[in-house]
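Here it is, the structure, as structure tokens.
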Amino acid sequence: MNKIVEWSEIGPLFRDGMSILFGGFMGVGTPLGLVAALHESKASRLTLIGNDTAAPTTGVGPLVASGQASKVIVSHIGTNPMTGRKMIAGEIEVDLVPQGTLIERIRCGGSGLGGVLTPTGVGTVVEEGKQKLTVNGRDYLLELPLRADIAIIKAKRADRAGNLVYERAARNFNPIIAMAADLVIAEVEEVVEIGEIDPDMVMTPAALVDKVVLSKEL
Amino acid sequence: MNKIVEWSEIGPLFRDGMSILFGGFMGVGTPLGLVAALHESKASRLTLIGNDTAAPTTGVGPLVASGQASKVIVSHIGTNPMTGRKMIAGEIEVDLVPQGTLIERIRCGGSGLGGVLTPTGVGTVVEEGKQKLTVNGRDYLLELPLRADIAIIKAKRADRAGNLVYERAARNFNPIIAMAADLVIAEVEEVVEIGEIDPDMVMTPAALVDKVVLSKEL
Amino acid sequence: MEAKELIARRVAQELKEGYIVNLGIGLPTMVPKFLPTDVHITLQSENGFLGMGPLEGEPQPGVVNAGGIPCGLLPGAAIFDSLMSFALIRGGHVDLTVLGGLQVDQEGNLANWMVPGKMVPGMGGAMDLVSGAKKVVVAMEHCTREGEPRILKRCNLPLTAKARVSMIVTELAVFTIDDGQLVLQETAPGISLEQVRASTEADFVLAEQFHSMSVAA
Amino acid sequence: MEAKELIARRVAQELKEGYIVNLGIGLPTMVPKFLPTDVHITLQSENGFLGMGPLEGEPQPGVVNAGGIPCGLLPGAAIFDSLMSFALIRGGHVDLTVLGGLQVDQEGNLANWMVPGKMVPGMGGAMDLVSGAKKVVVAMEHCTREGEPRILKRCNLPLTAKARVSMIVTELAVFTIDDGQLVLQETAPGISLEQVRASTEADFVLAEQFHSMSVAA
């Protein structure tokens, strides 16, 4: 099975109102070609789920700037003043989630788990509206699963089957979001033949990846 | 920091009444040298936590046969008739846990999580004595963390700092148990210098590993 | 045709192009042999990999199936730890699992992991597989060696999972469980509806498209 | 000595051989510079690796710190995903974290992630770090730019975590929080107990071994 597709097949996958899980941390490990394709698709009322909104022109920043994102579920918006301004103006909904909780919630969504108990956020505003449980004398918050319609991933290398390898700290959220979306699209710098990636070195198994697209030179 | 130690340093680490997390699946990925060292140490009243009790002479089987294990927390004992016989004779306590739940509980123990909600076991004897929660209309069992005093790990390769690389399906429980014990000992087939393992290829970071010992030719 | 082969051949028809499949031990492992050549599936092994194939040549270190027996890795295989293995299984990333059964009942409950006082091997990964796979196919002989029905109104052995079985394939018949109702889809070649009724304790209805099982010899 | 350098030098004394350390942005990143040469620590970066070092030569693809700024990887470094990164943090595998603070109170509560109506950057990884690291050191200037105390009876800004701060290091003093009580351990060179009292709202007691901060020039 060959999962490599052309860029022309990507745009039509995006529709208004979709939720999108994105990889990356301050834009590093974010698939910029796929972000550009989302931008060009003009899909609106998007919910973006990932670590941060980077800066106005990096990471998913352009989708905040364009107004296509009506909601973001992230751990941090401080490096993108546009997100803050739009939030104050009521133009974007911002759901702030501690980073470790965010990645656990995404993992739950992709792993068939109904939730996870974390000590993070106990005694803070994060606990508002959440069930609190005490286990062995310590308080924990019950944090619930997160999934999305589409996950957009950046990897260094893919084989034609869709096995992925990441490079350095560009790995971050990518392998986890690959588990938690109905459609998983990976943008890669390099495509190799099936069998060229040692099975021990695969970081995201092909079974999780639906489509692979080769990065344009940017 | 050099974490490579001699076999003579291993035996004295084991004491009566300890809990031991072990890697391996049907003995594949179980550190047989460390099992032998446990056997020679004559440490008794051990609680062994891992996937299965393998067969009488493989995996942790020898510790069941010797009577050193007074309790096992595993997903499967069917391939080791000794475990079943001792269980029926009241000589060993057997706590059977679904495999996916077992690995999640160990992960919780090593990740600061207070528990996890799994659908596995709902409507079966596994739910006895457990809290059941309903999330989005589906029932889940709250499964609690597991930790141990010592984790014994088998890896293919270590650098002197303790970064580990596993080989093929011998990986299984090993990277997860490395997170959930107060003392982590890895038995490896090969030791390389610090810097020889590409950082992207490290499967268990040195920060989790306390001692590394080189497998004897068996 | 021998019962086991018949069952395996019929189960093979449920495997579609691109499926991720986990096969239990015993009879289920015979299934891939009967796949049409134009259907490509990926076998997941719960000890931690995707892309299991038959052993070719010498056993390779660490390349073993969930029974600890040497096997092969196909090109494009991927290895991972037990955490990922069960995240895949429980998270619905396995399209279909085929397992043996001791009993199945008309509500889709399955019992296949213990017989109190007799056999307590442990559930291994079976409970997770049955809870998590998108489609659960039970492949088993229709009756016990003593001739007692295995397809019951209500399982009396401890359950593996509740209401998760999608299909039952035996040497006599194929049933599905749809909306909590047991539906007879097919009878095996030469088997009458009456023979199935006589060997089945459960209540069932006939499928609209009820027909005879079609398996190549 | 400038306030920030004094603070960084004093915090450096808390880092012991073999420690796994996570440093917040700003002042905390100055700390490693002041480590004695016989103390080796490993820096964890929450975007997914252990073994962060200074940038040497050209930036390498993907080798960036949690602020997205190119950095170095030391020999023996290990890369992982965000799940592992926060499992390490929350699971107590980070021996010590150094963070800046807006306010700390005498119960060990920390507020450092938002000022309602003014600054809502998000908590990023701070809540997990403060909840999970074995030792939490807050490194901050003793008072706000307006001269208001930051060490309070009770934080009035939204908390980052409850009762998790182990130590506070400022340009005036070092406090510990022991059994829910704020304890003054040291005053900075040339700083009197009265000066500390005047700049601190919180109630505190003197340590038995109360002494003057010792930092090399």
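Quick notes on this one:
For reference, chains read A, B, C and D in written order, and residue numbers begin at 1 within each chain.
In the analysis below, a residue touches a chain if its C-beta (ideal position, glycine included) is under 8 Å from a C-beta of that chain, and two chains touch if they have at least 3 such contacts.
The structure presented is a predicted model; accordingly, all values stated were derived computationally and were not measured.
Shared contact partners of subunit A and subunit D, listed by label, are B.
By number of C-beta pairs in contact, B-C leads over the other of B-C and B-D. If each chain is reduced to the centroid of its CA atoms, subunit B and subunit C end up 29 Å from each other.
Centres computed as Cα averages put subunit A at a distance of 32 Å from subunit B.
In whole angstrom, the spacing between the mean C-alpha positions of subunit C and subunit D is 55. Averaging C-alpha coordinates per chain places the centre of subunit B 35 Å away from that of subunit D. Looking at subunit B, one finds that residues 104, 107, 112-113, 118-119, 166-168, 171, 199-200 touch two or more other chains. Looking at subunit D, one finds that residues 49, 73, 79-80, 86, 89-90, 131-132 touch two or more other chains. Every pair of chains meeting the contact definition is listed here: A-B, A-C, A-D, B-C, B-D.
For subunit B in complex with subunit A, the touching residues are 104, 108, 112-119, 133, 135-136, 138, 140, 142, 144-145, 165-168, 171, 199-201.
Remark: subunit C residues 18, 20, 40, 42, 44, 49-51, 73, 75-80, 86-93, 131-132 touch subunit A in the complex. Against subunit C, in their complex, subunit B makes its touches with residues 25-29, 51-52, 54, 74-79, 84, 87, 94, 96, 98-101, 103-104, 107, 118-126, 166-176, 203.
Within the complex, the subunit B residues that touch subunit D are 1, 107, 110-113, 159, 161, 163, 179, 194-195, 199-200, 202, 205-208.
Interface residues of subunit D facing subunit A in the complex, by the touch rule stated above, are 45-49, 60-64, 66-68, 73, 79-83, 85-86, 89-90, 109, 119-128, 131-132, 158-163.
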